[in-house]
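As structure tokens, here come the structures.
In what follows, chain A forms one complex with chain B and a second complex with chain C.
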Partner chain A sequence: MRFVRRIFFNLAAWAVVLAVAFPLFWMIVTSVKPQFELFRRPPTFLPDTFTLEHYARLLIDTAFLVYFKNSVILATTTTVIVVAIATLGAYSLVRFRYRGRENLAFLVLFTYLLPSVVLLLPLYLMLVRVGLSNTIASLVVAYTTFALPYALWLLRSFMAGIPEDLESAALVDGASRLGAFWDVILPQLLPGIISTALFTFILSWNEYLYALVLVNSDSARPLTTGVVNMLVSAFNIEWSLLMAASVMMSVPLIVVFAFLQSYLTRGFGAGAVKG
Partner chain B sequence: MAEVVLSRVRRDFGAVTAVHDLNLAIAEGEFVSLLGPSGCGKTTTLRMLAGLEFPTGGEIRIGGRVVNDVPPAKRDIAMVFQSYALYPHLSVADNIAYPLKKRGVPRAERRPKVERTAELLQLTPLLDRKPRQLSGGQQQRVALGRALVRDPKVFLLDEPLSNLDAKLRIHMRAELVELHQRLGRTMVYVTHDQLEAMTMSDRIAIIDQGRLQQFAPPQEVYHAPANRFVAGFIGTPGMNLIEGTLSQEGGAWCFTAPGLRIAVGQLTDDAQAGPATLGLRPEDVTVGAGPVSGIVRVVEQSGHENIIIVEIAGNERLTLRIPASILPRTGDTVALAPDATHAHVFAAGEAGQRLNTATARPRPQTL
Partner chain C sequence: MTTVPQTHLERRYAALGLLLIAPTVLVFCVVIVYPLISAVYLSLFSIFTPTLQGEWVGLSNYQALLSTGEFWTSLGNNVIWTVGTLVLQIVFGVAMALVLHENLWFRALARSLILFPYFVSTVVAVLVWKWLFNDLYGILNHLMIVAGLIEFPLDHLGSMPNAMISVIIVGAWKYFPFVVIAVLARLQTIPEQLYEAARIDGAGPFARFWDITLPQLREVLVVIVLLRAIWDFKEFDLIFLLTGGGPIIGTQTLPLLVYKEAFALNRMGMAAAYAVVMMALMLAFMLIYIRQTRRRES
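Up next, the complex of A and B:
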């Protein structure tokens, strides 16, 4: 009986894994098949002929590298800004006592609850008015507005877990407030900072809607909209190029994930319990 | 140089006053315990001394300098926290070296100082470990080391032994006393454990509800408690407190309660005939012969002595400490003789002041 149950659970688990992993597998396979093999019936699971021509074409003949560079700048800048503000903000919310501290935290969370579509138009109009339309900076501002609330709450729960005595000890040992923050709080907060950074980076790397609305010049476009704009037209979708682009878009995330995975799961745990 | 003086120090948290106009003068090199139940304001007082908390009124002086607005780093104090507060990401050596580093001691000078401190506390083999790889007792010693390494004017210790097991606590207690004798530094020690306070301190400041109750050497606190709170708080088992009436008969004071009548000797001018409280230490009543009779309700044997609870008239229960050689049985009727020279008299009410004129018991002689 137990044996049957184990088999059943294993099958169910593998079915889920398959459902999630198959599109990824298909993406990779499609990207290395030659064009003529794509629509063959019956379809080939593993490519008959292996080719990297789509990758070469993307890198050499298209603006892919520009988009890639834009995405890196965009995601990195957003991450740095969000982590810096959220760390200091969380420190203030946890360590200092001032009127309206809790209300402020909830107000911030409340803005996170608004659907991002609602904010799209007002934000667009504001960015146009300050002359930031069509720039990477406009996207940095937009992403910061919706990554910051969550980042603040995530870091707040991490910060609350750091004993106040540690900071007191540093102060007595001769550190200034800033010194204590730097020497003692930051190292303790590192897992929180890493998971916040990952969250923000992934969010700004994958975002599509704001990128589509706020930026329509090729020089400032990030990967998400850039690739679609370049390869999908009303008459034709360049499937193999699209898949090659998708693979290359996913690689940085997968690499980062692989290295920082343990921090990330810890981060989500902390957020789940206290946030 | 490093005396610590608190004058009318007050600390309010909103509408709550944690410390009421506290006056305390701690001499240089003295070991003083702040003793009291949880929430009595002793830790707040210590944190104010450290500069981690600021007084809402009054003045704090360390070594003659008013430090009310001086940040902790500039007070030349060291503190050991109840939680030890070791920096988890630093090795033992770096933990101990941190105060030196923050005061700009060059790296080359830090190393020998850290090594000397580690040797003093038997931490040398552990210098490269991280705090989480240490036992509670070892962590405690690292916390001490971090305080010692800098040779500060004043040591502040916030219940440093409360997280250790009983055996280690007794061991560390002796080590701390020895350390204090060797360094000769002023130490302020917060504890809720009266045994720690009694065994380690030169003087004990007993605090209740943010107010100083008594500030005196351990023997005096025990033998001449300033009021009913101190009497009930100090001593295990606690002092027997009996409600009754005080009366004056031919110039001598006499205390009466159901089944009990005792001449109490000299009292202060504050003494009035009327309701009062009598205090009797468990060891100040002899069992066997005497004017009071009672029924034994509980017998606890601890090897070197027996503790018995005897019920006398008026349902009053007395806890008594008797030699191990005397072993009554539960239900026995026994005769008791309270030692009148060691009887304490307090004015009526929960906060009743001591009314005896002098310390009943002579100071112990030195050898």
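Up next, the complex of A and C:
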């Protein structure tokens, strides 16, 4: 009786899991169907004819690769800058005592919750004024506004998890403060840094609003606005092409999921919820 | 907490600490604090977006805003969207976490599949859902007709209240994994003895959930609800891409209104006023969340 109940529970649970995952399955299926098969009724759940023509067209006939390159540059630059600044900042916030430190920590949390639409307009004015609009650099600046508070908050909680004794021991052995940071803290913090970098990268990779407002030329456009722009400009929407673009856009994410998922879960625990 | 540095070494350490935080403070001032202040300042002007020329109008933007119906409609939509999607996220997220906490076959795989929507780009999520929602060739209408739920294809995004329901559902699908992971992490720390004791006392599965699991989850749920409420309230991408605020302004929330004022109606000052009001509305929730965190830390 228990066995039957277990089977029943598993089947029901997996039915729900598969229903949740269905849109993603459908994205992949649609991307490898030939155009005419999309309009068949009833729809085919697995493609009758398998084709990669949409992927080929996407890479050859559209600006997809330019957008992809822009997104890689943008997300990587943002991640490197933000994680570097945030690692130093988090170290300072957790391990040093000075006036205003607590308040600063909560200013970070405050900005972490701040809506982007509030910063959007002044940032737009500022970037137009300094002549940075329509460049990838302008997006790096804008992405810092949400990525830096996020990374700081995450790293701060990772840093707090490193036992203070380790650092003290190194100091007793005659290491300087920065020497101890380099030799003792940084290796301990590495998993946290990787986790934070992954989150920052994904956040920047997926960002849409700033890219929509700040960049208006194909040469600097990242994937998010680039792909949507292809959708808008097309006379009739080519769904299989868009689904192929969606799959390709998710490739970095799929790589992270396949190899580095434990870092994502760790970041989850450290960031928002444990506080 | 704040002790005045006394020894020479302590003073040197404090100086080093300030040096390490300096880049953060500098970046914060330039890209966050300064824009935040100028957002408030901008809202006192009337600015034409294409030329960025403007003149001082004082508080009249705020006066105009509070007296237009569009603001109140958008605020109403914002509340409906936030509450609707938040409730679904919490209910479905907690339920899913309980399921994934059990000994499910291929649990790791199930967890990955559940987690994926949260990390996938909103653009991708919306494109896929738009294809699912497609009125002529969408799989959703097909399945609903086959299942006998509807007779004719539904217009999921172009009519009300369907559009609002669709937006809420896609929002729930995209963001419920956050709840799942957070709750799952907490579930793993509930001592097993509590359940054993309850079982000995003859409590059924429902009573165990109600009397043990839920009280244990209470604290983490408060945090999740606050965070998700703040994030859902300010959501732009998902709604903008899915419906663009339409039909007419049926799903237009405050962030979309800010965007429309600034870049479609070219009234930058007015848009800033909307943004400031929106932030003021969120401030209460943000402060509660910060106070909560502070309390837990000390």
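Simple rule for what comes next: the second predicted complex is superposed on the first by the 253 of 275 C-alpha atoms of A that agree within 3 Å, B and C clash if a C-alpha of one lies under 4 Å from a C-alpha of the other, contacts with A are read in each partner's own complex, and residues count from 1 in each chain.
To be clear about the criterion, a contact is a pair of C-beta atoms (placed from the backbone, for glycine too) under 8 Å apart; a residue touches a chain by one contact, two chains touch by 3 or more.
Nothing here was measured: the structure is a model prediction, and the numbers come from that model.
In the superposition on chain A, A:Val130 makes contact with neither chain B nor chain C. When the two structures are aligned on the shared chain, A:Ala56 is found in touch with neither chain B nor chain C. In the superposed pair of complexes, A:Gln188 makes contact with chain B only, with no contact to chain C. In the superposed model, A:Gly179 lies in contact with chain B only, and not with chain C. Looking at the shared chain after the overlay, A:Ala15 reaches neither chain B nor chain C. Touched residues of chain A were counted for both chain B and chain C, and C has more of them.
Contact with chain C, but none with chain B, is seen for A:Leu148 once the two complexes are overlaid on the shared chain. Once the two complexes are overlaid on the shared chain, A:Ser168 sits against chain B while remaining clear of chain C. When the two complexes are laid over each other on chain A, chain A has no residue in contact with both chain B and chain C.
By the touch criterion given at the top, residues 47, 50-52, 71-73, 77-79, 81-83, 85, 87-89, 98-99, 102-103, 146, 156 of chain B touch chain A in their complex.
Against chain C, in their complex, chain A makes its touches with residues 9-10, 13-14, 16-18, 20-21, 23-24, 26-27, 30, 38-39, 41-43, 85-86, 88-89, 91-93, 95-99, 101-102, 104, 106-107, 109-111, 113-126, 128, 141-142, 144-145, 148-149, 152, 177-178, 202, 205-206, 208-209, 213, 223-224, 227-228, 231, 239, 242-243, 245-246, 249-250, 253, 256-257, 261, 264-265, 268-269, 272-273, 275.
Every residue of chain C that touches chain A in the complex is listed here, in rising order: 1-3, 5, 10, 13-14, 16-18, 20-21, 23-25, 27-28, 31-32, 34-36, 38-39, 42, 52, 96, 99, 102, 104-105, 110, 112-117, 119-125, 127-129, 131-132, 134, 137, 139, 142, 146, 173, 178, 181-182, 185-186, 220, 223-224, 227, 230, 233-234, 236-237, 240-241, 254-255, 258-259, 262-263, 268, 271-272, 275-276, 278-279, 282, 286, 289-290, 292-294, 296-297. For chain A in complex with chain B, the residues that touch the partner chain are 163, 165-166, 168-176, 179, 183-184, 187-188.
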